[in-house]
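Okay, so chain A shows up in both of these, paired with chain B first and chain C after.
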Partner chain A sequence: MQGFLFLSPGLLLILAFFIIPAVVTAVMGFTSLDYRFKWDFVGLGNYYRMVRDYLIPRILVNTLVYTFGTLGIFNVTFGLILALLTTSVGERAGLFFRALWLLPRFTPPVVYAAIWLWILSPTKNGLLNGLRAAVGLSPVAWISQHPWGVIIITNGIIGASMGMLVFASAIKAIPRDYLWAARVDGASWFQEVRHIILPLIRWPLMFITAYQTLSLLTSYEYILLITQGGPFHASEVWSLYAYNLAFSSYSGTYPFGYAAALATVLVVIGAVASVIYWRIFKFREMMAPPRIETV
Partner chain B sequence: MASLRLEGLTKRFGNVVAVNGLSLAVDDGGFIALLGPSGCGKTTTLLMIAGIYRPTAGKIYFDDVLMNDVAPKDRYVGLVFQSYALYPHMTVFQNIAFPLRLAKRSREEIERKVKEVAALTKIEKLLARRPGQLSGGQQQRVALCRALVKEPEILLLDEPLSNLDARLRIETRAEIKRLQRELGITTILVTHDQVEAMTMAERIAVMHDGVLQQYDPPGVLYDRPKNLFVASFIGDPPMNLVPVRVLEQGGRLILSADGFQFSLGEELREGLSPLVGQEVVLGLRPEDLLLSREERPEGIPGEVFLTEPLGGGILVHFAFGEVKLRVLAPREQPVEVGDRLWIVPQGEKVHVFGPDGRSLREADAAA
Partner chain C sequence: MKQWILVIGLVTLLGLCGFAQQEIVIKAWTVGPDDPSITRKLNLEAAVERLNKYLAVVGADVRVKIEATFDTTTWADYKRNNLLALQTGDPEKIADIIVTGHEDIGPYAEAGYIIPLDDLIAKYPEVYEDFFPALWESCTYKGQIWGIPQDTEARGFYFRKDLLRVAGYSEEFIESIPERVIAGEFTLDDIVDIGQKLVEAGVVEEGYAVWHRPTPGTDWFQFVYDFGGTLQDPETGKLVLDKSAVLDTLNFIKRLVDLGLTPGAMSQISWPEIHSSFSDGQVGIFLTGGSWNWAEWQRDPYNKSEDYLWDNVGFAPIPAAQPGGEPVSVSHPVVHLITAASRHPELAFLVVTLASAVDLNTDHAIGSGHLAIRQSQLSYEPYAGDRHAKRVSELCAPFSRFSPNHPSAPFYWDALFRDAIVPVEVGALSPQAALENLIQRLKGELGEELVVQE
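Showing the complex of A and B:
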C-alpha cells in the first residue's frame, strides 16, 4: 500500500497523460464526431468504414516500410556505425562529432524541415540541384520522384542520434580490459566489434530497436512538413493519415470520430508490438537483477 | 619463445612520465618480475610490451626484432589481466578458444589445444560454464589458459594473484612457477607484492616513479640493495632505517643520533670517511640483528619497548629517543617489555646510504 503511495505522483501523471487520452480516443472512435461536435455513438461504424477505405492497404504498407526502413537503415544500423566510429577516433574528436550529430535534435522541427526543403527543392536553387547544375545536369524533383527516400533519410538523419548516444555510452562502459584482451588475442577492429562489442551491447541494441519502433509508428511531423504525405498518399503513414483526416480540410467535414478510430488501431498495434518485443527480446531478463556477480 | 630487450623505454601521458628510460633484458625462457608500488609504471611497461600502449620513446625488441610498430595481434604475447578480462558472454571453452578462432585454426585443432591447456591447469570440468559461474581462482586459471593456448612468445602477467585469497595465492604462486618451468615460456610478472616477486621470479626489476631502481636476482636485492628505496621496499618486516650523523672519535667512525650511537667496523670506512659531519642513513634488517643478555663490545644497549609475537618469531621494538629499532628474535628467546638487552649487528649485514640515497657498500659502489 505504501508502495502505491510512493508511486502515486508518477501514476497520476501516467493516468492524466496516457490512460485518459487513450480511453477518450477509444470512446471517440465509436462516435461520428465531426466539425459539429455531436457525440453520436455509431457502434463499429468507423471500423466498418476503415475496412472499406481503399487507402488503408496502401497506408498500412507505407507505415511498415517507413517504420522498419528508417529503423533498420538509420536508427539502429547508422546509429551503431556512428557510435562505433565516434568511440574509435579518440575522446575529443568523438565528442565533437556526436555533438554535431545532435544539432538537429536541438533545432525546431520546422527549421529542420525547411532546411531539407531547400536541400531537396525541385528548382535549380536547391542545394542538390545546384550541385547537379554545376556539373551540367538538369534539376530533379526529389520529393515527388523519391518520396520514400526523402522521408526515410530526413527522419533517419535525426533519428540516428538517439541510437548513437545510447550505443556510444554503452560502448564506453565496456571495461577496456575486454577490448585490450581481444586485441592481444589477435582480433582486428572488425573482429573486436563483432565478437566483443556487439554481444556486450546487446541490451541497448534491443532496447533502441523496440523503443524506436514504437516512436516511429506514431511520428509524422517531418513527413507532414516535407512531403505532406504526398504525392497522392505515396508517403502517407497511418498516424499522418489520422492527423490529416482530423485536422486538415481533406474531407471538409473534420471526421474526428473516424480519425480517433484510426488512432485507436495504432495504439493497439503499438501495444501488440511492445508485447512481441518484450517476449522475443526477453526484456524481463534485462529488468531482473543479475543472477551472478562478476568480479 | 623469445628473449626480450627494452632500451630507454619511456611513456608520457600528458605531463606525467609513467615510465622513464627503462632498459632491461630478459633471456629466452626467463622469468622476471616488475616490482614496485602502485603508480610506479610497471603495468604501463607491460602494456607497452603487449602493444596496447605505444612508447613515447625507446625500443622494444623480441629476439632482436624491433617490435615498436607491430600490432598487438602480431606480437604473439599472452596477457593475463588483473581483472582476468574473461569475456562474460562466452563459455570457458569459447574464452580459451578465442585466440585460436581468430587465428583461423581448424575445429579439431582448437578442440585438442583447449583440452590440453585446460588439463594443464585442471579446469577440464568447467569448460561449459560462463565466467560468472566461476570462483576467482577458477577465473584466474581460465585467464591463464587463454594466454597459454596460443603458445605465446612471451607471457605477461599483470598482478595475476592479487584478487585471490591468501591461501589460494600461495598455491597459485607455486602452480604458475611450475607451469613456467614446464613450458619454458619467457614470463614477465607485474606485482606490487615483494613476496610474489621474490618467490616466483629469477630476476626482479624494482621500479619507483617510472624509473628502474635495481634489476637483480632476489637474493642480491635483499643482501645488496642499491639504494634507500629498494632497501625500504624489499624485506618484511621492513629494514630499520635510522638517520644518523657520521662522527670521528679516536680514529673510529661513529654513526650517531640523539640517544643512539653505533660504532662501525672497518667495512664501510673507505666510503664513509669523506662524509664525516654529514647525515647518512643506517640500514639494519630486523632479522640481521641478534639480541644478547651479556654485554657485547660491538652491541648497542637498549630497553625493550614493545613486543609483537608473529608466530614464527617475536618482533622486539626498542626506542632510543627519536630512534626506533625493530629486531626479529627467535620464538625460543624469552623477551619481556622492560628487559635491558644488547643489540648485536653483524658486520657484513650493515647498510649505510649516503646523502643521495645510494648504498655506500663498496661492492655496490663498484657495480
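Showing the complex of A and C:
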C-alpha cells in the first residue's frame, strides 16, 4: 500500500499523459471524426482505409529505415564511439568534446532545421554544393537524391548525444583498477573496450537501444522542419504522416479519425516493441535487486 | 430626512442611467500572418468606433465594444485554433466575426459553424452592390453567400526585364509582354522559349531560368484552368479531376525540368532563397508569383526600391496555354464570416459592413499589398494613385478565377503538388504515372466526392 502511495505521482502522470490519451486516440480511431467534430463510429473503417492506402507500404519502409538507421548508426554506435573517445582523451578535453556534441541538442529545432536547409540547399548557394562548386563539381539535390540519408544524419547528430552522455557516465563508473590491471597484462585499447568496457556497460547499451527505438518511432519534428516528408513522401515516417493528415495546414477536412487510427497502430507497435525488448534484453534482471552487495 | 431621500433617489437614478447604456461585446478573430495585414483587425476596430459615434449622435443607449485578436503565427495554427474553438459551440469561446481564407467556407458551412448572409447583404445594397461581382463567387457555397470579401490578391508570373534585355530582347517587346499575354499572343510556350534563350545566352545558369513556389497552394490550380480543365462540377459541387488538363500541367512541368530551365529539386529550395535569387536577378522568371511579392521584395531582407522593381521586374497573369486563349489569375480572397454561435449576428454583420468602407479597405490594400474589393476604390485617389495596385488590378481582374469552395479543395491542391508535380519534377514518376498516382490519392480521401473526367 505504501509502495503505491510512493508511486502514485508517477502513476498519475502516466495515467494522465499516456493511458488516457492512448485510450481516447484508440476510440477516436474507430470514428469518422473530422472538421465537423462528430463522433460517428465507423467500426474498422479507418483500418480498412489504412490497408487500401497505397502510401502505407512506402511510409512503413521509411519508418523502419529511419528508426533503425538512426538508432544503429548514430544513437547507439556513434554515441558509443563518442563516449569511448571522450573518456580516453583526458578529463578536460573529453568534457569539451561532449559539450560540443550537445550543442545541436541545445539549439532550437527551427534554427537547427534552418541551418540544415542552408547546408543541403540544392542550389549553388548551399554549403555542401558551394564546397562542390569550389572543386568544380556540379550541385547535388541532396534531399531528393538521399532522403533517407538526410533524415538519419540530421536526427542522428542530435540523437547521438544522449547515448554519449549515458555511455560516458557508465564508462566512468567502471572501477579504474580493472583497466589498470588489463594494461599491466598488456591489453590494447581495443581489448580493453572489447573485454572490459562493453561487458560492463551492457545495461546502459541495451537501455538506450530500447528507449531510443521507441523515441524514434514517434519522433518527426526535424523531418517536418527539414524535408516535410518529401519529396513525394520519400522521407515521410508514420508519425509524420498521421500528423500531416490531422493537423497540416492543407489537410482540408482534418481527418482526425483516420489519423488517430494511424497513431493507434504506432502505440501498439511501441507496446509490442517494449515487451520484446523486455524479454530479449532480460530487463527484469536489470531491475532485480543485486545478488551481492555492491560498493 | 427629505434631503436623504433626495440623495438616495438621485444616486439610484444615476446608477440606472449608467446601467441603461447597454454595452454589447463583439469578438473577432483576425489573422495576418504577415504583420502589415494588421489592418484586418484595425479596420474592425475603426468600424466599431464609427458605429459608436453614430449611436451617440442619435442618442441610442447602446454601445459596442470589440475584442479582436490578430494572429501572426501561421495560417495552419490559426485555422487549427479556430476549428478547435468552433467545435465547442460555446458562444463564450467563439468569435462573432472570423477573418479567414475563402476556402474555409465549404467546411465551416457544412459543419454549421457559420451562417448564410444573403438576407443581411440585401439590407445594405449601397455597400455590397459596389463589390466586384467576381468576388462573390468565392464566397458562395451550395447557392448561398457565406462570407464578405475582405481583400484579394492576384497571381501571375514575374520576369526580369534586365535579364531579357541582356539576352537580346527589345525594350519594346519586354514592355509589351503583359499586353501580349492579355491578347493571348504570349503563351506558356513563350515562357519556355524565353527560358531557353536566357540559358543559351548564358544570362542565367542552367536551372535558373524558370522558378516556382516550393510548396502547395491554390497557385497550382491556375495551370489546370489554363489547360482548359475544370475543378468542380457546378451541378453537384463535387470536385473534378480533369485528366487531360492535369496531364498537360504535368507535361509542362516536365518540359521545364527536361530543358534545364527549372531545377528538379525546386521543391527543396527555401522561400528566402527563392525571393533573394529572383529579386537579385539570378533567376529569369518566377512562374508562381503574387501581387504581394512586390511589397515583400521592398522589405527586409531583400530591400529593393520600388523604382528598382519597376525598372527590372515585370508582371503578367499566367499566359494562356494556346495562342488566342485567355490568361489565368487565381485569387485567394480573405473573407469575413459570421459564426452561428454569435449572439448578435446582425450587429456583427453591421461592423463588417462598416469595416468594408472604401477608405478603410484601401488603407489595408495599400499597406499590405492586396487588391481592392470595391469598384469605387478604383477611383478613390489613394488607391488609384498606387501604381502597382492599379496595374495589377487592370491586368488580372478580368481573368480572376478561384479555387473551388469545397471542404477537400485544400487537400486537392496539396496532393496536386506533393503527389503529382513533385514526383514528376524529381524524376520519380512519369507524368502519366503521376496522374494515376494523384487519382488514387484523391480517391482515397474524397471517395464519391471526386469525379474523374477523361
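Keep in mind that, in the parts below, the second predicted complex is superposed on the first by the 289 of 295 C-alpha atoms of A that agree within 3 Å, B and C clash if a C-alpha of one lies under 4 Å from a C-alpha of the other, contacts with A are read in each partner's own complex, and residues count from 1 in each chain.
One rule holds for everything that comes next: a residue touches a chain if its C-beta (ideal position, glycine included) is under 8 Å from a C-beta of that chain, and two chains touch if they have at least 3 such contacts.
Treat the numbers as computed from the prediction; the structure is a model and nothing was measured.
Applying the stated contact rule after C-alpha superposition, one finds that A:G156 touches neither chain B nor chain C. By the touch criterion defined above, A:P104 reaches neither chain B nor chain C. Judged by the number of chain A residues each one touches, C leads among chain B and chain C. Once the two complexes are overlaid on the shared chain, A:S188 sits against chain B while remaining clear of chain C. Look at A:R52: by the touch rule set out above, it reaches chain C but stays clear of chain B. In the superposed pair of complexes, A:L200 makes contact with chain B only, with no contact to chain C. Shared-chain residue A:T253: touches chain C; no touch with chain B. In the superposition on chain A, contact is made by A:P175 with chain B only, not with chain C.
Residues common to the contacts of chain A with chain B and with chain C across the two structures: none. Those residues of chain A lying in contact with chain C across their complex are 35-37, 49, 52-55, 117-118, 120-125, 141-144, 227, 230-234, 247-255. For chain B in complex with chain A, the touching residues are 47, 50-52, 71-73, 75, 77-79, 81, 83-85, 87-89, 98-99, 102-103, 130-133, 136, 139, 146, 150, 163. Against chain B, the residues of chain A that register as touching in their complex are 175, 177-178, 180-188, 191, 195-196, 199-200, 202, 292-295.
Interface of chain C with chain A (complex): residues 74-76, 79-80, 83, 87, 107, 110-112, 205, 207, 216, 263-265, 267-270, 273, 277, 407-414, 418-419, 422-423, 425-426, 428-429, 440-441, 444-445.
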